[in-house]
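Below is one structure, written out as structure tokens; the observations come after it.
Letters are used for the chains, namely A, B, C, D, E and F, taken in the order the chains are written, and counting of residues starts over at 1 for each.
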Amino acid sequence: MAESRAATVPLVDEENATGKVAEVFADIKRTKQIDFIPHFWRVLATNPAQLEMVWISLKRLMHPEADGHRSLLDPATREIIAIAVSATNGCSYCINSHTTAALKLGLSREALGEVLAIAGLFNMTNALADGYQVEPDVRPPLE
Amino acid sequence: MAESRAATVPLVDEENATGKVAEVFADIKRTKQIDFIPHFWRVLATNPAQLEMVWISLKRLMHPEADGHRSLLDPATREIIAIAVSATNGCSYCINSHTTAALKLGLSREALGEVLAIAGLFNMTNALADGYQVEPDVRPPLE
Amino acid sequence: MAESRAATVPLVDEENATGKVAEVFADIKRTKQIDFIPHFWRVLATNPAQLEMVWISLKRLMHPEADGHRSLLDPATREIIAIAVSATNGCSYCINSHTTAALKLGLSREALGEVLAIAGLFNMTNALADGYQVEPDVRPPLE
Amino acid sequence: MAESRAATVPLVDEENATGKVAEVFADIKRTKQIDFIPHFWRVLATNPAQLEMVWISLKRLMHPEADGHRSLLDPATREIIAIAVSATNGCSYCINSHTTAALKLGLSREALGEVLAIAGLFNMTNALADGYQVEPDVRPPLE
Amino acid sequence: MAESRAATVPLVDEENATGKVAEVFADIKRTKQIDFIPHFWRVLATNPAQLEMVWISLKRLMHPEADGHRSLLDPATREIIAIAVSATNGCSYCINSHTTAALKLGLSREALGEVLAIAGLFNMTNALADGYQVEPDVRPPLE
Amino acid sequence: MAESRAATVPLVDEENATGKVAEVFADIKRTKQIDFIPHFWRVLATNPAQLEMVWISLKRLMHPEADGHRSLLDPATREIIAIAVSATNGCSYCINSHTTAALKLGLSREALGEVLAIAGLFNMTNALADGYQVEPDVRPPLE
């Protein structure tokens, strides 16, 4: 698999990280309370501006409490959205990563099964609604 | 738009529903506590076996309490999954329908904005992880 | 909607078609046995080389008999694949067009319902298999 | 790859299956005429209710004859839809599984090539129709 | 369509924008050199933090020159990526918006046709490569 | 992985290629200036007509200069579209192949990072625009 990795960008090692990359790496470990830098961030680090931009967005939405922001969704629900989107897109790295995160947050395997079942269900009904060219229901406006 | 509807199947009117279709229609209204049959179900009703099968799955997963089943996710979280999947697939009927349902369940517009922001974020990171051919992190097994 | 059309390319009118475009237009009507040029081809005609290239591929795969080629799939099965792919992608123009073509070829509305139900089912199981990170079964090789 | 499996759910062994799971497992082997339980079902089995629900839908749509139902599509056509959807979604487990099933049903490798070529073609035309914002053709309604 | 809009969030009017929203709105008009606020930003404005976050990312990647950053891609190429992604996802608002932007930047309709043709082509080959389960080529590593 | 390959079609060896397949193989090596036949083409070669059709389209769009055609996009931009589409669809073979091709054409790793960042961005905004059901902006028609 070495050749496929070579085709894109090398992983940035934590030991070699300096400046902005080192700062973001430290923030990732502190915020996520993990003791390694996941591959995803090590690849993005080859482009420090991109690393920072993606991390700022992800931190703001997935770890708002770390900066004193509040979220209207609890942490497990936020990971559930990540899993539902990643299963729909079939992104194996992301499914692996967010499934792990959700279990770590206390989501049980049974609840994870429910998340995937519901995600599967709506992939089915999406195809049905599009395939049947169903038009939106007319409803009284909310409020 | 008449010609596009005509191309597929006609909507089954509630007044014309008999037998199994009438039963499912009644169960939909009772379970969802609505006083009309959404277009989606009226289209599926042209094939009664399909209507029943999709309804059984959806009822079991989205309205388990109606049959005395328990869910490990609360009703709003279940609608959030529906919205995340439908936004990812771009299914306009489904987005419209499940956004309405989520608001009706008490999800605020601000929280809905958060759901969509997180769904958007993971559509971005999914493309990045796939585009960079990132391989799963090696981690100690859970448990 | 005028502004959205204007944003891309105008439709080429059949009366204004000359040269290669006129030839392809005539071949489309003859091959598909229709008396109008669908919007899809009228848009592609703004780029004659692209029109020809897409038409050659589509004619070869969907109307092989027209040029004396044989297909191992019957015409309705070929339209069924078009519908399954288009429902999965949520392409409304394509769903509309290929649903009409399938019904014209004699596929009943009930059979169309079955096609969509099966397409829906596999959109569900695709999300489940990806979401659960299921690995391929080990099986003895075929033959 | 052990760590990725660990992240989600373990496979249920056939020997350890009891109650509803054992019943569904037996029905899968009998209905599909295979002598092992594919990974997909072994993963779903960690949630017996979900296993049963997905199996009921899949059996009803893909193996209707087993319960005395009739289908308007022949078995190979049903597998062709599964392949077209799975190739569109890029679900590798599903492509692997349904390609095997189709070949076992007698679909030749040449015909399989045609299925994939047509699925590829419509993924192309879907992007073109959406990209050009083509609007549905106006046609006289069917019937 | 009023009811579908009502189901999600109302558009924020430019006249009613205050604080951070007014600032971002002004920056959007200045940076994009347009004299109206596109619907996309008016919807996001119902959640000011989200508006700002999406705008910062989009400005950084699509209008880097505005803040003295440099890009290795020219503006038209950046819009071409937007079009290719949006056509692949079938997002009609985005296709409409970025097609307009590309034409305004001087991309000819003929070149736009080429962009869409190439995007279509790779949607086809993606389905073929996935459908045939093709494994990566073994190549000597770059560099 | 032998069993998964066996499930679909075997790779055609260059040494065994005859007739049309040998001709296309030679043209691929000459046109792409490579000294091996990528797996993708070796799989398609099991169906010579399909091999030829896909190659003709790909050569026309990606290597137009080889046949004296002109393109309005430079070769690197054409590969950028391939990468953006393949990252969106998550097609690992295609991402690997086109990333390699783009780097070979001189696209720097930093520029590649920008391509993926922009592709990621629009996967995010596509989901947001669809999720918020945003309607196209009304604009004066171009020209």
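By our rule, a residue touches a chain if its C-beta (ideal position, glycine included) is under 8 Å from a C-beta of that chain, and two chains touch if they have at least 3 such contacts.
Treat the numbers as computed from the prediction; the structure is a model and nothing was measured.
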Intersection of contact partners for subunit C and subunit D: A, B, E, F
Farthest chain (mean CA position) relative to subunit A: C
Farthest chain (mean CA position) relative to subunit B: F
Pair joined by the larger number of C-beta contacts - B-E, A-B: A-B
Distance between the centres, which are taken as Cα means, of subunit F and subunit A, whole angstrom: 27
Where subunit E and subunit F are represented by their mean Cα positions, the distance between them in whole Å: 21
Residue numbers of subunit E (touch at least two other chains): 1, 4, 7-9, 44, 53-54, 57, 61, 85-86, 88-92, 95-96, 99-100, 103, 110, 114, 117, 119-121, 123-128, 130-133, 136-137, 139, 142
Topology of the chain contact graph, where touching chains are joined (line, ring, star, complete, other): complete
Complex interface listing, subunit B residues touching subunit D: 2-4, 6-7, 49, 53, 56-57, 60-61, 69, 136-143
Subunit E partner contacts - residues on subunit F that touch it in the complex: 1, 4-5, 7-9, 36, 38-40, 43-44, 54, 57-58, 61-62, 71-73, 77-78, 80-82, 84-86, 88-89, 91-94, 96-98, 100, 103-104, 108, 110-111, 114-115, 117-119, 121-126, 128-137, 139, 142
Interface residues, subunit F side, partner subunit B - complex: 83, 86-88, 90, 92, 95-96, 99, 116-117, 119-121, 123-128, 130-133
Touching residues (chain side subunit F, partner subunit D) in the complex: 4, 7-9, 44, 46-47, 50, 53-54, 85, 89-91
Contact footprint of subunit B on subunit C as seen in their complex: 90, 92, 96, 99-100, 103, 109-110, 112-114, 117, 120, 127
